[in-house]
Amino acid sequence: MEMNDDLLRPQSPAPGLVNLFKVEDAFNLARANSLWPLTFGLACCAIEFMAGGAARYDLDRFGFGVARPSPRQADLMIVAGTISRKMVPCIKTLYDQMASPKYVIALGGCATAGGPFKYPGQYGILEGIDKIIPVNVYVPGCPPRPEALIAGILELKKLVIAGKTQGTLSPAVVNDSQDARPADYKNAISRADFRKPPAPPAAAPAPAAS
Amino acid sequence: MSSTLSALQEWLLSSVKPDEFAERDPKTAGVRFEALVPAAQIVAVATRFREAGYFLESETAVDFAECVELVYHFNRWDRAERCCVKVLVAKDGGQPGDGTWRAPSLWPVYKSADWFEREIHEFFGVTFTGHPGLKRLLLPESSTIYPLLKSFKGEPKGSDVEQSLKLIGEDAAGFDLNRKQSLTCKDRDFYLNLGPQHPSTHGVLRVLLHLTGERVIDAEPIIGYSHRHQEKMMEIQTYPACWPNMGRLDYVGAMSYNMAYALLIERAMGVSPSPRVEAIRVLTTELNRISSHLLWMGTYLLDLGGFTPFFYCFDDREKVLDILEMATGERLTYDYFRFGGLDKDIPAEMLPAIRAFLPEFTKHLKDYDKLVRKNVIFRKRVEGLGRLTRDTALSYGVTGPMLRATGVAADLRRTEPYSIYPQLDFDVVTAEGGDAYARYVVRVREMEESVKIVRQLIERIPDGEITLGKLPKNVPKGEYYSAVESARGTFGMYLVSDGTLNPYRIKLRTPSFSNLSSLPALLPGCLISDVVSVLGSTDIVLPEIDR
Amino acid sequence: MTPIPPVFEELIRIVLYGTLAILFVSVNALFLVWMERRVAARLQLRRGPIHVGPQGLLQTVADAVKLLTKELVRPYASDRFLYALAPVLAFAPLLGAFIILPLGPGAIIRDLNIGFLLLFSLANISFIGIFIAGWSSNNKYALLGSMRAVAQNISYEIPLMLSTMGVVLTTGTLRMTEIVAAQDRIWFILLQPVAFLIFFCASLAEANRAPFDIPEAESELVAGFHTEYSGMRFALFFLGEYTAIFVSSAIAATLFLGGWQGPLLPGPVWLLLKTYLLVLIVMWIRWTFPRLRSDQLMAFAWKVLIPFALLNLLGTAVWVSMRNLLA
């Protein structure tokens, strides 16, 4: 993902003949004020996303309220919740299906880095969506309050106006040589040790050995 | 002990001849008796239980060094008579998943065993003979791990990305394979994936619909897109560290799940909290139940295409959240209860806030109900839809408002009283019909009952300590079961403790899991519009199903 | 200077009127979307767009510019030509409505003797566009949506036409100006209340508006027939929907609410006022009712609207012939 970031940034007026940045700036301004999120929730954070769209917080005030269920029409993917590995291909597909320019907000701890469900040796989740798709804004919290979500979108708005929409991908660790699995994993105990000597059945004769 | 149960016990002892049998104190262990029966007999035992009117509340497994122990919990609707039956699956040097660890399937007796056994199969590698489709339930199809076995020592760092990339590859390959398949196939029927990303699946559920035109022939819910390995996680954490997990299971009605965990550990330790703690617990739980049902009401009407109720319900829900936030500091994933107490006492401004809220909310609820119920489109869309019969409910282990909508007054707050519910005056709401409309009626009236409970409680919260001080960090060796009535139905927790600082095995019996598994019985014959409506009326929370 | 030949004169007029119509439609749609969002917010205890421009008026402008600059995605398995054609086909015919819309006495582009029959014929083309959109996307949700749209259109076309026939019988003409002129004493909504209600319901369905919005039923079919459309193509469908609402409201205002007639204010203002009032009611209905199921929708058309429309037609015919006999 080593693209030339500078090309996408508006710069101070270059001494060129034609300066096309103004048009691009106007487009960016329009994009920044019309971030339509994808109707898409994974877990707890999705409820806060819904609350953000509801009456008290009303994302629509800023023009972010037009949640589109089809990825083709959405500009902003709010990854709200824990990313289970089974879900990763779906998220990737959805991201690919979105039309450019597209932006990603990682809402909450799970989407950012695994959140409370991250522990050494875990088998179920992907620790942060930025290992698969580039993320523009991270919103911390577990789950973040709707105010935090609004702040995150407004932060994204600033980035879009400034043209800094490259997003970040975290360096994905594959096949780490340092296997740091803890000793917390118990060994199986013997059932015979665990069970107290079986109580004799009340009415029946002594049971046959299993 | 009722006559049915004693007859059953008699029969068990005389004809099945259990290898082990022990009567247990339901106040601590949560079950009436435990019996270890030979594997060949379990189907006969289950059939007998089913005939006596018991449903399969949970089926799970515990991994031991020499065997995998299958644990079945049977329970009744009308009174709490939970019975625990066990079967041993000897390991005998076999490998998980290779088919040598075998047990007979309960699927012919209880349909709910379908998903329970698939789950045991994928987590423990036990093969069930006679099961119709033994495949992975919660993990991706291509997984090779059996994570709840103690021999599973975790995956190496970076495997999350590795597996994710592998799954993306598989997904792309599968897409290429299907790409050629045209819409204009000769057969009139086709398959449609509803989800995992769909506005009306309430999270990441995928329903594979087999359709002819818009009419559903068959439906298969595919779950696991929100699997967060909570059970394995809890085995690795200490007991207090499991609290946040309880808040994130069913984030919409988290207090009930807090309640179940508190109840479980307090029973195991033999302590009981002060009356003040109990009152506050019930108060917050019932407020949370209101907020949960409000969220359901809003989103259900959104599923039916009515946008505005969503905003009204959420507005009132915000007010409940404000009140709960005063006590807990959280809006959603409550982590408020502690063993023998609470995180902190309720603040002084909370009770006046509730007093101000209640009359306003009662009025709003009445208005909303009138607006919704008198809307002819709503009535036409939900009446007679997704009809659940009692027999199906028994077979699938359906609980909660869905069950009560079939006219069964099954509510653990009354049938297996815990905390201070016996001292409170409230009705168990039921409705006749078992259709989506009956479920709507039950949930709305349950909010009224919750208001009634809250109203009683705010007048008589006793003084007292909110904590019991220092408690031991471990739980005595043994097995414990606790169950509470959450907003969605019976939430049960089964704990096997080996006496150390962390649980040996915790099984979370979540209500939506069984409720959702009944979907294939409800959907055939519906239109696509009805699928959304039926699905909405079951009130599921996906991370609670996937755990 | 030679006089301009009549052919060129006509050509210039067509271009001029066409440009004006498109300009009006675009600006009007932007305004209607803003209005819709504010009305919805008002009904839902919210504020709606308020931060972009004064009272959020620039919100929809920002949306439009953004949609213009978005990538046009085309699904791999779609039909390339039809996929691109569909949005145009869905939107463009609605512009034809402006040909016959009388803004004031004499202020009409073409006062055709087939009047609004032309409009309904054109509106049907836009349904072909919707069907093509669903078909060419090669997406099951889109296909289901377009199938629903076709079924719905065919069913609701009948009560729509039948209800207007009441007015036609009363006035004895299809010419829009004469229909308006015939309402100088009493509006047809008073003479033909049943016809008005039927026309209103059917035009809601024709415009795919809630509670008849089953072709795009968001909670069922993701986004219905335009699931696979992005950027400006999607915007054209959007534009088409709002233009359809405006046009059907304008036609309803003309046929039943006396068109341009009203005291003090000039004719076009009256027409716009009446039209926006009807649009407001359309929005109000959308944010109030849940959605019908497709079979219920059909049943409503065939078992309720059409019989009543026929009865209304019969009653009108009897009344008109009685009036003619007495006169």
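Letters A, B and C mark the chains as written, and numbering starts fresh at 1 in each.
Heads up, the rule we're going with is that a residue touches a chain if its C-beta (ideal position, glycine included) is under 8 Å from a C-beta of that chain, and two chains touch if they have at least 3 such contacts.
Note that the structure is predicted; figures quoted are calculated from it, not measured.
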If you take the mean of the Cα atoms for each chain, which one ends up farthest from chain C? B
With contacts counted as defined, which of the two, A-C or A-B, has more C-beta pairs across the interface? A-B
If you average the Cα atoms of chain B and of chain C to get two centres, how far apart are those centres in Å? 48
Between chain A and chain C, the Cα-mean centres are separated in Å by 41
When centres are defined as mean Cα positions, the distance from chain A to chain B in whole Å is 26
Quick one: which residues in chain C touch 2 or more of the other chains? 44-46, 218, 222
Residues within chain A bordering two or more other chains: 55, 69
In chain B, which residues are in touch with two or more of the other chains? 198-199, 311-312, 315
Listed in rising order, the residues of chain C that touch chain A in the complex are 37, 41, 44-52, 56, 58-59, 61-66, 69-73, 218, 222-223, 226-231, 234
Quick check: in the complex, which residue numbers of chain C touch chain B? 40, 43-46, 76-77, 138, 140-141, 143-144, 210-211, 213-214, 217-222, 287-296
Would you pull the chain A residues touching chain C in the complex into a rising list? 26-27, 29-31, 33-34, 36, 55, 58, 60-63, 65-66, 68-70, 72-73, 75, 97, 99-101
Could you please specify the touching residues of chain A with respect to chain B in the complex? 38-44, 46-48, 50-51, 54-56, 69, 71, 81-82, 84-90, 92-94, 116-117, 119-127, 131-132, 142-143, 145, 172-176, 178-182, 184-192, 194-195, 198-199, 201-204, 207-210
Where on chain B is chain A touching in the complex? 10, 13-14, 17-23, 36, 38, 63-67, 69, 88, 138-140, 145, 147, 149-165, 167-168, 170-172, 196-199, 203-204, 224-230, 232-233, 235-237, 244-245, 248, 251-252, 295, 299, 310-312, 314-315, 317-318, 331-333, 477, 498, 500, 502, 504, 542-543, 546
